[in-house]
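Across the two complexes that follow, chain A remains constant while its partner is chain B and subsequently chain C.
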Partner chain A sequence: MFPLIAENLVVEFNGKHILGPLDLTVNKGDISLILGPNGSGKTTLLKSLHGIMKLKRGSIKWSCSDNSSMKKQMFVFQTPIMLRRSVFENLTYPLLLRKVSNSKAHRLATEWVEKIGLKEIMHISATRLSGGEKQKLALARALITEPEMLFLDEPSASLDGKTTVEIENLLKSCTKNGTTIMMSTHDIGQAKRLAKNILFLNKGILESNQLTETFFLEPTSPNAQKFITGEIVE
Partner chain B sequence: MMRFFKQICAPIFILIATTANADNIKLAVTTSFNNSGLSDVLLPKIKSDIGLNIKLLVVGTGQALRLGAAGDVDAILVHSKKAEEQFVTDGYGLHRREIMYNDFVIIGPKHDPAIVRNSKSVREALTLISQTPASFVSRGDDSGTHKMEVGLWKYSGLDPDKFGKWYKSVGSGMGASLNVSASMGAYILSDRASWLNFKNKSDLEILFEGDKLLFNQYSFIPINPSLHTHVKYQLVEKLENWLTSTTAKSMINGYEIDGQALFTFNAEPE
Partner chain C sequence: MNDIWYGILQAFQLIYTLDQDLIDISVRSLQVTLSALVISSLFALPLAAVLAVKRFKFRRFIIALLNALMGLPPVVVGLIVYILLSRSGPFGVLDLLYTTAAMVIAQIVIITPLITSIAHQSLRELWSEYHDLLISMNTSHIQRIKTLLWDARRALLTASLAGFGRAIGEVGAIMIVGGNIDNATRVLTTAIALETSKGDFALALALGFVLILIAIALNLATHWLSKTEREGRW
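What follows is the complex of A and B.
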């Protein structure tokens, strides 16, 4: 499946330039976090790589067919999407779509519902969960399929510290299984805690792509330097 | 008899013949899109142009949204802007693309007991209907037309939940509801396309039209492949490109019944 190579990527929406031109290579096992001010193109980049946003120009190549790449990647949105089913059924759903046997799907869902602390309420409708519980369930629903690539769009943007830590722990554990992660965030601390490398976007341009340590010590982009120190980036 | 049976039994699943080798997708559409006859014209052309077999699931907008949220279809073509925007906000749909519009009209018996024919606004027309013993047939099926009708009553300061027996909620598609209206001599709100294509007009005719509140926008929404990984997003994208093409524009704008254009194409280029 890897590497994923984006070449000369350009995205426009309603005639307005949103992203690019941009070149990027993602290697297996990378944990890349995307930083940048509001409107810099973070969500657009994630959606484009995932294949759910049309490109104006350029290409995204996986080292496998487009059809099979879609089945090996998952996306967790900033606002978690809940199927109008029980917590448990939200977890079995992606497995049954992948023709996993009923018994295995139930076994895995039972393990995951415990892992995310929702065992006691696994039979209630997922739409009744709190925001943090929904986000944990959305992440578990993605991870239960053991995706090769996981995209996350600010998954802990509106969560409390405890839930953020739980989500970060889930992400760390899944990278041990070889899942590659690309995630947007506004949280510089989170970037330090999780990222192997950091992409800095500003006004749709990828201004830097550096290892985390180097990014915070010697950012190559002046705007990244401002962003790190809390200055307004214009 | 057979025609009557077909109309009474709508909405039902309409299965378009498919071939083993062609690409197939499932599209939930409103009954009005199908009843207008436009689907019969567009689908063969789509198949010949891009090799796509479309299996139509003909339901109300509410049911189409539910099918989409459950991942039972690949895309939807519906007409209820507020519900569609919520559907996309909730993450079930990828985006909302406006394709075409037509309008709603108030149909009723020619002798017009509520005297709505000379109304200056839809608010006045509905108020008059509510103040006379005349019957009104409501789709009552959570469709886009039903949502529009309920919204118009509320806009007129009236609450359908408090109406008496004169307000008949039939829980049916457009064709079947028009048939009930024809048999009772009752008023009804219909999209213009379904009305023009309706074969059993009996004593009914258009009594009120033209208020800008009766505008009826149809939009296309691909189901989110990140949530429902089995949906055929690449084929859906091909269909969306076709539906917003100049070919679609000329076919939609050129579709007429009795010399009247039924729809106006208004898809914006990307």
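What follows is the complex of A and C.
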């Protein structure tokens, strides 16, 4: 499946330029975090790489067929989308789509519902969960399929510290299984805790792509330097 | 005024003593309407889901047409179905005119646009909620349609109940194609019209009360379903 190679990527929406042109390579096991101010194109980059946003120009190539690659990747949205089903059924849903047997789907869902601490309320509607619980469930619903590539769009935005730690622990555990992660965030602390490398986007342009340590010590982009020190990036 | 009170008293007596004519007509009415409802729902609900999920040429036209057909005059439907089923019509060979089958066909024509339009409204809202998630999970059109139909089942039941309400209270079309034949095609509404014209207010009112009871039961069921939906009990 890897590497994922994006070449000359350009995205426009309603005639307005949103992203690119940019080139990017993602290798197996990478944990890349995308930083950048609001409107810099973080979500657009994630959605484009995942294949759910049309490109104006350029190409995204996996080293396997498009259809096969789509089955091996999952996306967690900033605002979790819950199916109007129980917590448990939300977990079994992607497995049953992939023709996993009922018994295996139930066994995995039982394991995961315990792992995310929602066992006591697994039969209530997922739409009744709190924001943090929804996000944990959305992440578990993605991870239960053991994806090779996981895209996350600010998964811990507006969550409290405890839930953020729980989500980060889930992400760390899935990277041990070899899942490659690409995630956007505004949280510089989170980037330091999780990322192997950091992409800095500004106004749709990839201004830097560096290892985490070097990004925070010697950012190649003046705007990234401003972002790290909390200055306003124009 | 005395006639009305006398009629009401007699009506209660007919209901209390379970008058055979009253029972026969009520049961036939339910048989015709439920048959039309089931057959119509089998067409209307998947069609509504397809219109919500798929983008194709003439989609907007079909939606507009269905909305317009919601207000189709039943007498005109009755007339068209009559012409189609009459001996000189294209389906005359089936010998369906003046049978309950003809009444079912007329009711299907009347309620299918109504059920489709109401169901489409609900499914369109659910699709806008699920769109990103189901696209990102690489679901097929069939999987999307199945998911929407299952997760919106309460709202779809409400749509079907609206169709039931329209069909059970319909008189013009089924009078034309059914002929209001005693012990054969006489149903609640056509019987009420006949008994009123004969001046037998007692039976007409009794039939009217049964019709009202069914309508109330229907509204209570709809209210209960909407309430559970709002409370997020899926």
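Note that the second predicted complex is superposed on the first by the 234 of 234 C-alpha atoms of A that agree within 3 Å, B and C clash if a C-alpha of one lies under 4 Å from a C-alpha of the other, contacts with A are read in each partner's own complex, and residues count from 1 in each chain.
Criterion: a residue touches a chain if its C-beta (ideal position, glycine included) is under 8 Å from a C-beta of that chain, and two chains touch if they have at least 3 such contacts.
Remember, predicted model here, so these are calculated numbers, not experimental data.
When the two complexes are overlaid on chain A, chain B and chain C occupy overlapping space and clash. In the overlay built on the shared chain, the residue A:T175 is in contact with neither chain B nor chain C. In the superposed model, A:K54 makes contact with chain B only, not with chain C. In the superposition on chain A, A:Q225 makes contact with neither chain B nor chain C. Of the two partner chains, chain C is the only one touched by A:S125; chain B is not.
Residue contacts after overlaying the shared chain place A:P94 against chain B and chain C alike.
Contacts of A:N14 after superposition on the shared chain: chain B is touched, whereas chain C is not.
By the touch criterion defined above, A:S86 lies against chain C but remains apart from chain B after alignment on the C-alpha atoms of chain A. After superposition on chain A, the stretch of chain B whose C-alpha atoms clash with chain C is 62-70, while the remaining options among 44-52, 62-70, 116-124 or 206-214 stay clear. Within chain A, the residues touched by chain B in the first complex and by chain C in the second are 50, 52, 67, 70-71, 74-75, 77, 81, 83-84, 94, 97. Chain B contributes residues 69-70, 89-92, 94, 224-230, 233-234, 237, 268, 270 to its touches with chain A in the complex. Those residues of chain C that touch chain A in the shared complex are 126, 129-130, 132-133, 135-139, 143, 147, 151-152, 232-234. Within the complex formed with chain C, the residues of chain A that make contact are 50, 52, 67, 70-71, 74-75, 77, 81, 83-86, 93-94, 97, 125, 127-128.
Chain contact summary for the complex, chain A toward chain B: residues 12-14, 50-52, 54, 66-67, 70-71, 74-75, 77, 79-81, 83-84, 94, 97-98.
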